[in-house]
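You will see two complexes here that share chain A, one where it goes with chain B and one where it goes with chain C.
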Partner chain A sequence: MYDTTRTETAVSQQDIKISASNVQVFYGDKQAIKDVNVGILDKTVTAFIGPSGCGKSTFLRCINRMNDTIDSARIQGEIRLDGQDIYDRRVDPVQLRARVGMVFQKPNPFPKSIYDNVAYGPRIHGLARNKADLDGIVEAALRGAALWNEVKDRLAEPGTGLSGGQQQRLCIARAVATSPEVLLMDEPCSALDPIATSQVEELIDQLRERYSVVIVTHSMQQAARVSQKTAFFHLGNLVEYGDTDDIFTRPQDSRTEAYISGRIG
Partner chain B sequence: MTDLPNQRSKPAPTWSSDEFKGRLARRHRKEAGLKFLGLAAIMLAFLMLGILLWTLISGGAQAFRQTHVTLDVPVSAEMVDAADPAGGNYRGVIAEAMQATFPEAPQERMRALSGIVSNAAQFVLRDRIVEDPSLIGQTIQIRVPVSDVYDQLKKGNVDELSDESTRRLSDADIAAFRQLEAEGRITLPFNWALFTQADSRFPELAGLKGAIIGSAYALLVCFLISFPLGIGAAIYLEEFAPKTRFSDIIEVNINNLAAVPSVVFGLLGLAVFLNWFGMQRSAPFVGGLVLALMTLPTIIIATRAALKAVPPSIREAALGVGASKQQVVFGHVLPLAMPGILTGTIIGLAQALGETAPLLLIGMNAFVTSAPSTPFDASTALPTQIFIWADSPERGFVARTSAAILVLLGFLVLMNALAIYLRSKFERRW
Partner chain C sequence: MTGLAFALLLSASLAAYMINRRAALALRDRGERLHSLGMFHGLYGLLLILVPAVVVTILWIMLQNGVINTLTMSSLPDGALADMANPQLVLSEIQSLAQGRVFGTPEPWKLEAAERMNDLRANSAWLMVAVVAALSAILLLVSRRQVAAAFRARQAVERIVMGLMITCSLVAVIVTFGIVFSLVFESIRFFQMVPLTEFLFGTRWEPQMPIRADQIAAEGAFGVLPVFLGTLVITFVAIAISVPIGLMSAIYLNEFADRRFRAVAKPILELLAGIPTVVYGFFAILTVAPALRAWGAALGIPVAPNTALAAGGVMAIMLIPFISSFADDALSAVPRSLRDGAIALGATRSETVLNVLFPAAIPGIVGGVLLAVSRAIGETMIVVMAAGLIAKMTLNPLDSVTTVTVQIVTLLIGDTAFDSPKTLAAFALGLMLFIVTLFINILALRIVRKYREQYD
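On to the complex of A and B.
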């Protein structure tokens, strides 16, 4: 009820990449997302903030249908990507996930070499015509994830042998390598030091020129730094959605105000 | 809040209080007790294993050597016709050789003296002559096994001081054998026949070749059927099948099948493969089919457990970059589950190797004196051969039974070593 007016003013300026209407998610009998309506813009970074357990990851995973893999999860409502309902029978989730990439909350590199980790997506989608092409894609992705300098001499070593923060950047590189239209990032910087964090933030800023990026973060400063739009979730509700500047300077809802000033969460 | 004054009067329990120390000591005592119990259980298991191995080795060691006698055999042209060397009277030739060895022995002793050499001697001799007929008319030297009673005498299993009427060898028999020994004709070499010969009525000739090949064929058939089928079924059930009431029923039934006594699978094999399809009795192929039925649930359960143990984050990672379900399963999950699958499979096969009851029901305890050349020939298997020998009264078979068990255990150890090797080879970190 708070977001409608703001969303509509935003829509008039830019096209909506993803629109969710009346989305509800249940895990068994437990409702994790309650009636969320939101329009996520193209070529924009949108931040999802909110206290732990409020449903940020759950909603994010609906956007590329990752929740299909959880048996107990059930989703109602509608999510449209470029106007197409992604839960439509005719939509192939495999193709959807090639268009909507994801970086998970916990780093999960494959037990393969660093090179193969990044090359996996381009390989299965046939994005490279030859080895040199693939090498180029891998290097660009690793550079983008601010990992290239650390691993360029040991691309054949297992990705699982990297540190936690390096693994997370490897996962970012893996997601970026397939050039998705939308990139969903679930707390991508939670295991990173300040330098790597600022490099990833730089990457997000670059990605914005071509893609729509959704980032879940617990850092208010990060949300303020990288995003243009911010959505505040609380107990499964989307409480407030609007321009990041407005959310942080003039929150409309008392819960948002309490959260960003550190009183809940 | 209410007991705040109370707390002040009594010192708060801290890590240095006697109460805390007492509790800590109790905890350590409990732990020590648990450790002791575990250690005792392991020691008991080792003791039992030690006793088992000791009885087998002490009982079976003798069977790995076989007493042989070296004879000078005059191959006369009267006994063996050069035109038909295979049809010669080799029994007579051996008798003549014994006559020559004991020139002063009376005629009525000759029959008993010929009994020193094994029945196999005439066949050994025949094979030599058929191979080289020019030997007819010459005296040749052959080394042949002695018959079981003399083998036992050589190995010290005959009490020479006991009353003559209670033993199978008379004093004269023993004296004749001692004379051969004094002439240096008796040797005790490694018993190669144990591995190069098939079963026989005579212990000194009986070997495990038929049983080993029969077991190998049965195990091969069992592996070729149960491995692909088991993995396929497990992948389908674990990764693709919708979780419905029907799949629950299947799951419960597979777990039940794994607990069904093996003799029941034997009955099934008898009814279906032999009586209905009319397959060859005693054939390793049928044995393999029955063992495959038995091994299948084990492999399915082990494979499902291995697939379940793959961290879900790996599946999510692959799905997240747009891999299809099939690519996730075959490209990521299966390779990670491989060590567990292989271990489970080899344990299942090791179980199948030692399984006796179902093979008895399909007739793999037949008396077969030649090794099978295809999986469709009648044959025994190692466990059924042990079963047959254990049932035979001759002294020589008692030791051979233990020896056969040792051979079976040897194969089991080999298979487990293979499981460990494959496990470490395929194991990867994630």
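On to the complex of A and C.
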């Protein structure tokens, strides 16, 4: 397991994009995450797997501080992005979320045009100097999400009019358009058919070249296909974390083995 | 007597419930497979008696006076009515005699008629009780004979209940149509005296008609434009003030306020909706209007005593909770996932509200605003108290204007003859108001409904 305390060497810090130490999350009195320590690598796809309700989404939402929007949620411990504590008083969660993008389980395009959906992030963060610039960003993001060819003639149509799979890729394009450093994806394919799923998986593989990608998935095959690292959560604990190949072929913990062989879930 | 009739039919239906239920259960105990539960057999008996018996009793009470009056009048001695101009007056005299109110020395045939009327009344009451009793007994027997294992009592009960519900909803529809028809009918009489074009496009509203030929008074002019303009000015003022305040407070309460503040502020806001409009009227004439005059005097601007601004401003206060609760609902109905989507992109709270939540909620908000508009147009008490009486072609909110509702009230107050155009004009105004608000309401409901379909 990775040791991600403050005494990391300079070398390992280069590779580690996000390091969590002693993270605990409570909803009211209920503890959802118990003492999680993990180092997530840059330019790598990391999969979070585990039975329903084990805290995968909760932990994921800590990384871009989306849990701040839940009144009852309380977080202890430390999460560092590029070595900086993101829960530090001086960190603006709004700026953090521009660096750490998120794609949700259910596609949630805004009731705006396809173009405006993708352009929304660049606009509010002032990433484009002019219209041509913005057009370029939108096109690049839509190409990146493998959606450009399908929508290039209907950019002015509402994003809500697309099919479920197209909507999800639109949401990915929307997240990519702000050029985040980390992309968090919470079960991004659960609403998609097999073809759209494989398109998104292909996309994730390409995104790895530029971002650190964290994907929550219930599909073991998907985790095995797209990720290089896998973390197995169980009842709020991070049980096992390592190379995806190792987790799926030589799990160290009996709970991991039971889960991947279908005995807990 | 009416009480006795109701007691009878109630106890008969309760008895039917018990008897039939017991009979059904007895069948079951004998090993038969009942189609419906015993309770439904009981309910069937109950409803079978209750519904017709209540209907008969009510009809009887409603119709008996007419029958008794006709019988009394037709049995008057020949020639009694010949010298009287108005049989209606004779009838009411006989009626008051029958109730023991004697004025002066009535003719003996009137006393006789009054006595006959009282006899008829007593007979009618007894007859009603007898009819109800007989009807209940027959229906009790009928329903008891229907109790059988195969009898589909549940379906029968459901059908009866369904019929009752349809009847109730028809009542609302019929009443609405009745109101509309009476409006239309009286308006047609009005338009026979005043041409429709003059009503719709005339710019003078002076409904004072000479009552006697020798009176020196205005000719009477029925141009609705200045009146309608007054309504528009006041409505505009009310909406222009209440919409921003209502929206802002809804957005603040929904998005920014912490839960404790919301828990206190929301009920207080809703309290505004419970204030009677008369009280708003007081507030307008006693507080707002004098304050406006004082400010006007200080600034050197002429301000009328009854300004559109005062009436509209107070009406705005009344509309704030209405608009804010509509906007609150519309904002809350925006799915959480949209909010999360914007926040996860690094949008601030205000950017989220402004760019995502608000556009998504706009159809609902527009619907609410339109409903508020139609309330403002139809609002009566505040303007009767705080707006003026003279119709003027003006758009100045600091001037005194009158509204359609105020004119309806003033036209119908006091001595009115129901065949003069002055009185009938009230119905024409009412019809116009009805059409305008109906149109706005339909539009508003359309928008609201369309919006609901989007997210369900």
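Simple rule for what comes next: the second predicted complex is superposed on the first by the 251 of 265 C-alpha atoms of A that agree within 3 Å, B and C clash if a C-alpha of one lies under 4 Å from a C-alpha of the other, contacts with A are read in each partner's own complex, and residues count from 1 in each chain.
Throughout what follows, a contact is a pair of C-beta atoms (placed from the backbone, for glycine too) under 8 Å apart; a residue touches a chain by one contact, two chains touch by 3 or more.
Owing to the predicted nature of the structure, the values given are computational and were not obtained by experimental measurement.
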Fit or clash between chain C and chain B when superposed on chain A: clash
Which of chain B and chain C A:174 touches, first, second, both or neither: both
Chain B versus chain C as contact partner of A:125, first or second or both or neither: both
Touching partner for A:87 - first (chain B), second (chain C), both, neither: neither
Partner chain(s) touched by A:158 [first = chain B, second = chain C, both, neither]: first
Which of chain B and chain C A:95 touches, first, second, both or neither: both
Colliding region between chain C and chain B, picked from 6-14, 60-68 or 132-140 after the shared-chain fit: 60-68
Chain A residues contacted in one complex by chain B, in the other by chain C: 64, 66, 69, 71, 94-95, 97-98, 101-102, 104, 106, 108-111, 120-121, 124-125, 160, 171, 174-175, 178
Complex interface listing, chain A residues touching chain B: 64, 66, 69, 71, 94-95, 97-98, 101-102, 104, 106, 108-111, 120-121, 124-125, 158, 160-161, 171, 174-175, 178
Interface residues, chain B side, partner chain A - complex: 243, 311-325, 327, 332, 336, 428-430
Chain A partner contacts - residues on chain C that touch it in the complex: 259, 335, 337-348, 351, 355-356, 359-360, 454
Contacting residues of chain A [partner chain C, same complex]: 64, 66, 69, 71, 94-98, 101-102, 104, 106, 108-112, 120-121, 124-125, 160, 171, 174-175, 178
